[in-house]
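Heads up, the next two complexes both have chain A, just with different partners, chain B and then chain C.
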Partner chain A sequence: MARILVTDDAAFMRMQLKDIVTKLGHEVVGEAENGQVSVEMYQELKPDLVTMDITMPEMNGVDALKEIKKVDPDAKVIMCSAMGQQGMVVEAIQAGAKDFIVKPFTADRINEALSKAL
Partner chain B sequence: MTTTTANHQSKVITHLLNGTNTTMKSIIPAEQNISKPQLLTEPPIVEYGVLIGITGDIKGKLMLAGDPAVFSGIGGVMFGMAVEGEMLVSFSGELGNMLAGGISTIVINEGLQTDITAPTVLQGSTKISGYKKAIQLTAGFKNIGELKVMFLLDS
Partner chain C sequence: MDTNDYIEIFLDESNEHLQAVNDQLLKLEKQSDDLSIVDEIFRSAHTLKGMAATMGYEDIASLTHNMENVLDKIRNSSLHVTTEVIDVTFTAVEALEEMVESIAGGNTGKKDVTDLIARLEAIENGKQPEESKEPVAAKEALESLDLDEYQLTVLDQAKEQGFEAYQMEVVLDEGCILKAARAYMVVEAVEQHGEIIKTSPTVEELEAGEVDRFSLIVLTKSPAADVKQSVHKVSEVESADISLYVAVKEEAAPATEEIAATTEEAQTEQKEETQKAVTSKTIRVNLERIDDLMNLFEEVVIDRSRLEDLASEIKNDALQETVEHMSRVSEDMQSLILTMRMVPVEQVFNRFPRMVRGLAKDLNKNLDLDIIGAETELDRTVIDEIGDPLVHLIRNSIDHGIESPEERKKAGKAEKGSLTLRAFHSGNHVFIEMEDDGAGINREKVAAKAIQNGVLTEAQLEKLSDQEVNELILASGFSTAETVSDISGRGVGLDVVKSKIESLGGKLSIESTQGKGSKFSIQLPLTLSILSTLLVDVSEEIYAIPLSSIIETLMLEEKEIMDAHGQRVIDFRGNIIPVVSLRKVFDVEESTTKDSSIQPIVVVKKGNKLTGILVDSFIGQKEVVLKSLGAYLKDVFAISGATILGDGRVALILDPNALVK
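So, the complex of A and B:
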């Protein structure tokens, strides 16, 4: 069982992700509504993995990923975004993301990404 | 406006509309019928809707408008659960985000680099202004209802 931090500005998507992740046998230890909060919660909670939306107010997901990687180069972050442009996927992977899930996602796709990353 | 500029703008709009058709069908698992585009001559007035900013090679806004029950019904077919109250507001914004994100992902293949803003949900009668051209599509979903999709372009 992994400890997971969910990051998305939409409460509905956080609820969906929490539901899927919990049913897969993991624990959601925190929910962040933007990139800035996610970076702060990462340092406080030290989760095993972070799911990260990209388009968010305050700080976007790619910038948050880079900040988290500065704090912990071994951090496991999976991007989860409605924007599936190749350039954005490449930027996220180059910044250290373990996977890139395009919304809307399925439980199977989340399971696959978690299994690969953990 | 020169002929070249008009041709370019016409192509951009075609790519946006094609991208909307493709994205709608890929993200919403319901039988659907999307109308022909219509140029709006009057500022739209919405009671419930979602506004997403588009930046980059295309500048403007994407707006979804419809009865909250339609958004709720779409949430039901996408996620297999009733979506109501605060979660409906959150889901509505996310639906706009998924549609705009999907369109953005498709139009880049036509050489149009765009980015989108976080969604703003509109509740209560709102008259929308501050754009150069407005194009509207109506998407009908079987057993759910209709959703209006508007592109409010800055040029």
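So, the complex of A and C:
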């Protein structure tokens, strides 16, 4: 069981991710609605893994990833993206993201990503 | 997974995002070079896409996806904002709204969007290579790779230094969507072990996406199994076969690029501008819950008045004190619950800019819409109901009020008309005003029409003030537009607007100066469910008259009530006003104990007309909770609802407007 921080600006998406992640037997320790909040919560909660949406207000997912990596180079971050964000995803991978999942999410895919990253 | 649980929040958020897109699009139209606006729109479209795809609303997802492509191009400055782009995007947003609405109505949210998508794609300028490239060279990737001379030399040298060359064939999952990014991850994983000297298809093709299997040659000192395992750590990799590379031919093949160099481009991605309104902490509460809370609280209010009655009977100081305290606290509670139900009128207003824009285009008018006081708060129930009447009034203004640019020029006005929508609080009311600087109401036209329709005779007309003539346009079946246009003037006229507003307890009035413009003002109550009333007695029955319409109460002697033209009238401060007897209106039985000759009268107003209402006695002022009479007793004459009094008796609440002639 891993402690997971979910980041997405849509409450809807957070709810869904949380559901899936919880059903997979992990614990969602926090939900952040933008990159800035995610970075702050990361430092506070020290989760085992962060899911990070890419397109968000305040601070986007890639920048947030970079911030988190500054604080903790070993941080495990999985990017959540939609179709058509190839460039951002690649940038995130370069910046140290462990994996990415593409919306719409499936439980299988999330499971795969989580178990490979953890 | 069952997505039904999410539908509500999905709808909420979708609507928010659609609204944001709307607002930003309008902004973008004015400042087409501000890319931060494009970013905002992009983000909303993007979130929408993600949610819709998750919920399985394919049409919304594909439409937003195409919108996104266009926006992305604008964002990267490879496409410019033109009216066409905005128009098509607006049409797309409209389609999205329709679909979301259909979902809200319990339907599938399906819609044929192929045409729109085609238009978006056309704008996108000959399709985006990333999305449309044919799956490249899948077959040859399986064959053994050829190396050119230079690569073979590198290979030989590496072998001398103890490196092994492995050929790897990677197949990605069928469902994998961002194949290029995935391929990049595979390449990165392999590069942990050594150097990749060749990939097939080429790196460029890999990057273009849509390649689900590819081969590569890597020089490494790690055992094959380790390399393979690293690749399997990457998600969405179906298989990764690795074998020692055996050079087959020595023919020249196209040179490969250094993989690392290819990723530079990705880093040029723009940083997102972050400028969003500071959000206060909120939670979402279902409106039903607040309504339930309000209902419960109303019960408390009823009990409170019962307690007040009891306490005053028992005359126990401690009890009375407690009850008084409870009254004060519950008053605070009431205002708190009421504010919870309050939402900014913005919710209604913010759909207008786009509507006005569309109408102006359709009707060839040129105008600006100014919205003032969008943050003014109104009860949710009122908000829900006020939209349609306002739409009607705005249409009316643009269609009949604002003149065409040519006419305006002739009249010596600025070519651009202006329409101002203003909302503000005043006392216990909220005012919404809509002012245009158009042609105003044409007295002659209205008068002629009224006579033609038999509403008035010529003689009556002479006596009417301009104000009264203006209000004629609110009469049913009245339309002065010469031609019935698509927009307004279909006969379902302003009378519908007027009665809607009146049913909300509001008032509609018109001020207009011919040639200068008109102003429609709507006065609305802050809330609908708790009223301050005057309780009056008619025989054994109690009626509640809303304080908002009462001007004064009088005690007159019976003989002061006169007869004029078969109508009972009184002299009220120098004006002759009609009186009606509640007893007669509601056919209440005469009470046996009729003592004095003093007659209590409640003077009520509607607009600037007054009427006296004869009652038996005044009981006093009381806050009452308005309860509807239920579905079986709809549209009872002059009754707007009922309430339960402290002693458990039911009082009917009067609608004084119906009694004013």
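Everything that follows uses one rule, which is that the second predicted complex is superposed on the first by the 115 of 118 C-alpha atoms of A that agree within 3 Å, B and C clash if a C-alpha of one lies under 4 Å from a C-alpha of the other, contacts with A are read in each partner's own complex, and residues count from 1 in each chain.
One rule holds for everything that comes next: contacts are C-beta pairs under 8 Å (C-beta built on N, C-alpha and C of every residue); 3 or more make two chains touch, one makes a residue touch a chain.
Just so it is clear, the model here is predicted, and its values are computed rather than measured.
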Give one word, clash or fit, describing how chain B and chain C relate on chain A after superposing. clash
In the overlaid three-chain picture, which partner chain does A:R109 touch, first (chain B) or second (chain C), both, or neither? second
Would you sort A:V90 into first (chain B), second (chain C), both or neither based on which partner it touches? second
I'd like to know which partner A:S38 touches here: chain B for first, chain C for second, both or neither. neither
Quick check for you: in the superposed arrangement, does A:T51 touch first (chain B), second (chain C), both or neither? neither
Dominant contact partner of chain A by residue count, chain C or chain B: C
In the superposed arrangement, which partner chain does A:T7 touch: chain B (first), chain C (second), both, or neither? neither
Stretch of chain C, among 260-268, 278-286 or 350-358, that runs into chain B once the two complexes are superposed: 350-358
So chain A touches chain B in one structure and chain C in the other; where do those two contact lists coincide? 9-13, 15-16, 55-57, 81-87, 102-104
Which stretch or stretches of chain A touch chain B in the complex? 9-13, 15-16, 55-57, 81-87, 102-104
Under the definition above, what is the set of chain A residues touching chain C in their complex? 9-13, 15-16, 19-20, 55-60, 62-63, 81-91, 93-94, 99-107, 109, 112-113, 116
For chain B, which residues count as touching chain A in their complex? 27, 75, 78-79, 83, 86-87, 90-91, 93-94, 97-98, 100-102, 104-105, 108, 113, 115-118
Residue numbers on chain C that touch chain A, as the complex places them: 1, 6, 9-10, 13, 42-43, 46-47, 49-51, 53-54, 56, 65, 68-69, 72, 130-131, 175, 177-178, 180-181, 184-185, 188, 207, 209, 233-236, 263, 265-267, 269, 271-272, 274, 276, 284
